[in-house]
Amino acid sequence: MKIRNRKDLAQLKKHGDEQLFPRGVRITVGLATCGIAKGARDVYGALKRELKSQRFQAALEDTGCNGLCSREPIVTVQMPGAPLLTFADMTPEDARALVRGLKKGEIPLDKILCRTDRQEDIMAGEMRSFTGGKPAGIPAGIAARESLPFFKYQKRIALRNRRAGTQHSMPKYPASGGFPAAFSALTGMKPEAVIAELQRSGLRGRGGAGFPTAAKWQAVRAAKGARKYFICNGDEGDPGAYMDRSLLESDPYSVLEGMLIGARATGAAQGIVYVREEYPLAITRVTGAIAELKKAGLLGRRIFSTDFNFTVTVQRGAGAFVCGEETALIASLEGRAGEPVEKPPYPAQQGLYGMPTCINNVETLASVPVILSRGGAWYSRTGTGKSRGTKVFSLVGAVDRVGLIEVPMGTPLEKIIYDIGGGFSGGRTLKAVQTGGPSGGCIPARLTGLGADYESLTAAGSIMGSGGMIAMDNTACMVDVAKYFMGFLRGESCGKCLPCRQGTQVMYDILEAITAGRGTQQDLTRLRDIAGALSQTALCGLGKTAANPVLSSLRFFKKEFDAHLAGTCPAGVCTDLIQLSINTKKCTGCGLCRKACPAGAVKGERKKAHAITQKACIKCRACHEACPAGAVEIR
Amino acid sequence: MMKAECIVVTFNGKKAAVRPGATILDAARSVGIGIPALCSHEALSTYGSCRLCIVELGEQGARRIVTSCSTAAVQGMVIWTDSSRIKKLRQTLVALLLAQAPEAAPVQQLAREMGIAPAKKKGREENGTCILCGLCVRTCAEIVGSHAISFAGKGPGRKVGVPFFKDSRECIGCGACAFVCPTGHIKISDMPGGENPERFMETWKTRLALQACSSDGRPFAPRAMLEHFAARYPVAEGFLESCPLCRRRNKKA
Amino acid sequence: MEAEEKKHIEASLRKYGASERALISVFQDIQKRRGFLSEEAVRTVARGIGIPASRAFSVAAFYGAFSLEPRGRNEIHVCTGTACHLKGADRLAGSIARKLAIAPGGTTKDGRYSLHEVRCLGCCAIAPVVKVNDDIHPQAVQDNISEILENYK
């Protein structure tokens, strides 16, 4: 159906409401990339088959990822009048048991995660209740979702639509509050008023640079040009960061609505979503959403019966991290190699094909509709200092609860790591938190009282970055981490300017020498010299920030560098500085290490203690992985 | 005598009158101030890759660094071409360049001037003298119009070459690339003897047939080059069939 | 170049427009269909768009998504994101390289496998990750990788 006015929108919303709150049972399975990788498709298939064979009526749908990545596959069961039930770590066997249970009216609880009685509809600013009437025999004692530490401290603005499964069915998007913001922006508000609302919100670019979004929109609006372009930068390249992938896969309409509003504010008629080619599901989902919007008349000509035209196309990246940089992204769209160019001129004045161009990050755009719905003043009440609103982080690494989270700006890192992330089981402790990807740095454990906001992280020698937050325990070597990021940048440097092309190479060579036990104090001086040249003379942001990881490691973990210069790797990581040996007291003689060893370096007879021949050992640690008794030690 | 349309900038504390619209690099050179720059050329577009031409702009405490080849001089600009900060940065840059191209003469020269120790020869012999300035690429594209060579690859593995690094179909063997190359990296050798006289563009792995002079029979230029010029410039019939020596001789006759 | 392939390229040029801005999209179609960009393919596209072959070659050689040489039937991508690195991704890549007797970036003699290191796939919760063709394998370790690879003919 075509959506031309409020009435059409209301009808679409009603359609979606019926899907989100059906009269019967609704079962969902999270089918985003991680869920699929962990077998969610098999769970879905098992549910489908069992529902059929049990002749149990239920709407079965796939939804996006809800952020609790460590517990995929995730299934929810919604029964009229009953709280929503969420199940985690589901297997096909669990799926079959669940359906059988539903049929009998006794739900199996061994995989239950939580119940949700009410959920915040953040667009409308009200609570939506699942219950009402007789709760259908839900046993007591199931944890409420809001009480779970993972969810308790989050404030989901960009991640608001996780449960809805909007990525497949467009009606569910307005049922979750989508489109009235775009409708206002296009019909009720002048572009200046839209920008003013963004200004009030204090929203800053979520891709890492943190530039005020309203200022960027204003600059593009004021720029002179025959045509203007609006680009969504989905070239999320920071290793360990997947906020944008998740948004594009699980809620593409929120990003597109943000683009619609931004295009209206800036005067752009052509939009492009630039997505990494390594994110095929995101590309499929956003392409599908664009097609649906076109069909509904929400993209194309005369949107909402106004004279506003806006079309959006999708462009796949071609495997170059540097194309996340604005001018390199533009070069790529123009069919050239992704070599950045000097700024000024800025894309706002001279961007794609020389025309004024606005480039915004995925998360920034996903937040825009909420800002317009609830007001900029509302958004700015969350946050701290100059960092207003919320930020989505991908909390990964050594924490127990790895996942995608959204918290108010300024939330202390330790709250994120210990309360939300669940800290570290098995006697491990935090060593450092890495933020900002290859442009960022490591915050040592003793400083995790810091708030997650732009200024605090920059002052500590890191940056906010796009949202990757990597928790490292004592098994991480900070010199190895510095080498890792330098290796990454060396491989991704476009090669145009000398300081980045050669600087990353030479710094990598030095770090490699240090991790091999061949480093000298002079090497540390050279690292600092080259770091200075990079930050002050490199042509683009990639080069300018390339030395940050090394500098921050040197600042907070100098002792580890000194240990490597003296020939040891305290964390037991650097291959040339470690030795693997078998603790004869723990060894059970099972021989799995001998079988796993590719170099024939493990000798031993069955049921007798095994031993490693150091000369033959290539330190691949296959034995360490294979040993069930923890008898292989790394020194 | 100051021309009416000069602008005034300050170089290292001294005022200077320079042509409006000039880059800081050209403006500095016009008043006798030398700034090292390896990838810029007055006849070619700006590239900005070597970063050696950096200068500081502005007053103490609020100075920023720009590349002088790509920044226009504007009225009132305060420019520092040789501050201790710039000197230190240039030194580090030259050391990096030396690590990349240890046998490149201009780099060795700069290193000597800055007191940098000669680099230990490292692997990567192929690029031992190529500084990736791109002058050859831009010359072939902008002046000659053959577009035979381009940059290939990212990062430290970047190279200049012809498509797929073999037998170019576009190279005309004019040698303009070798002429503009500041380090002598580009090698050309002529094999005029035998039945098939040819020019070997060694660095581009391309062989071109040499045209024999219609007057004295000696091979003098690649056929492709002569055809390229004949197609672009109005020359008299048969003009390009003789070598320059014979052309002069025939004229006098 | 086979007439069939030429037709495909012409179709791509029509789909995206035969101008320089379409270059990467056209190359992406060819890469997907043939698994690499041959010299003839690059030259055909350059001709079709009206740009110098060297400029098209620059683009083909710049982007990691394009291969200038044929790849194996099954493409193994070891994720080298930070979370995967901390869980031993480079040891895993080394183990696969040893097992298949190829270096990262290489292809086995029988054309069955190519091995690549790929930038973060964004599946950090299930690190270390190995992607073979379109399948993402969670928690891949030296122990189970042979079994995983066996399934790909």
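Of note:
Order as written gives the chain letters A, B and C; numbering starts at 1 within each chain.
Here, a residue touches a chain if its C-beta (ideal position, glycine included) is under 8 Å from a C-beta of that chain, and two chains touch if they have at least 3 such contacts.
Owing to the predicted nature of the structure, the values given are computational and were not obtained by experimental measurement.
The chains touching chain A as well as chain B are C.
Among the pairs A-C and B-C, the greater number of C-beta contacts is found at A-C. Chain centres here are Cα means. That of chain A falls 45 Å from that of chain B.
The distance from the centre of chain A to the centre of chain C, each centre being the mean of the chain's C-alpha atoms, comes to 24 Å.
Centroid to centroid, with C-alpha atoms defining each point, chain B and chain C lie 35 Å apart. Residues of chain A in contact with two or more other chains: 320, 337, 492, 494.
Residue positions of chain C touching 2 or more other chains: 55, 58, 62, 64. Across the assembly, chain B contributes residues 151, 153-154 that each touch 2 or more other chains.
Every residue of chain C that touches chain B in the complex is listed here, in rising order: 39, 42-43, 52-58, 61-62, 64, 68.
Across the complex, chain A is touched by residues 47-52, 54, 65, 67, 70, 85, 88-89, 92-93, 96-97, 99-100, 132, 151, 153-158 of chain B. Considering their complex, residues 141, 147-154, 162-164, 169-170 of chain B touch chain C.
Listing the residues of chain A that touch chain C in their complex gives 33-34, 36-38, 69-70, 72, 236-242, 245-246, 277-280, 315-321, 332-338, 353, 394, 396-398, 402-403, 434, 437, 468, 470, 472, 475-476, 481, 484, 488, 492, 494, 596, 598, 620-622, 625-626. Per the touch definition, chain C reaches chain A in the complex via residues 19-25, 27-28, 49, 55, 58-59, 62-66, 80-83, 85-86, 88, 91, 94-95, 98-99, 118-127, 129, 134, 136-138, 141-143.
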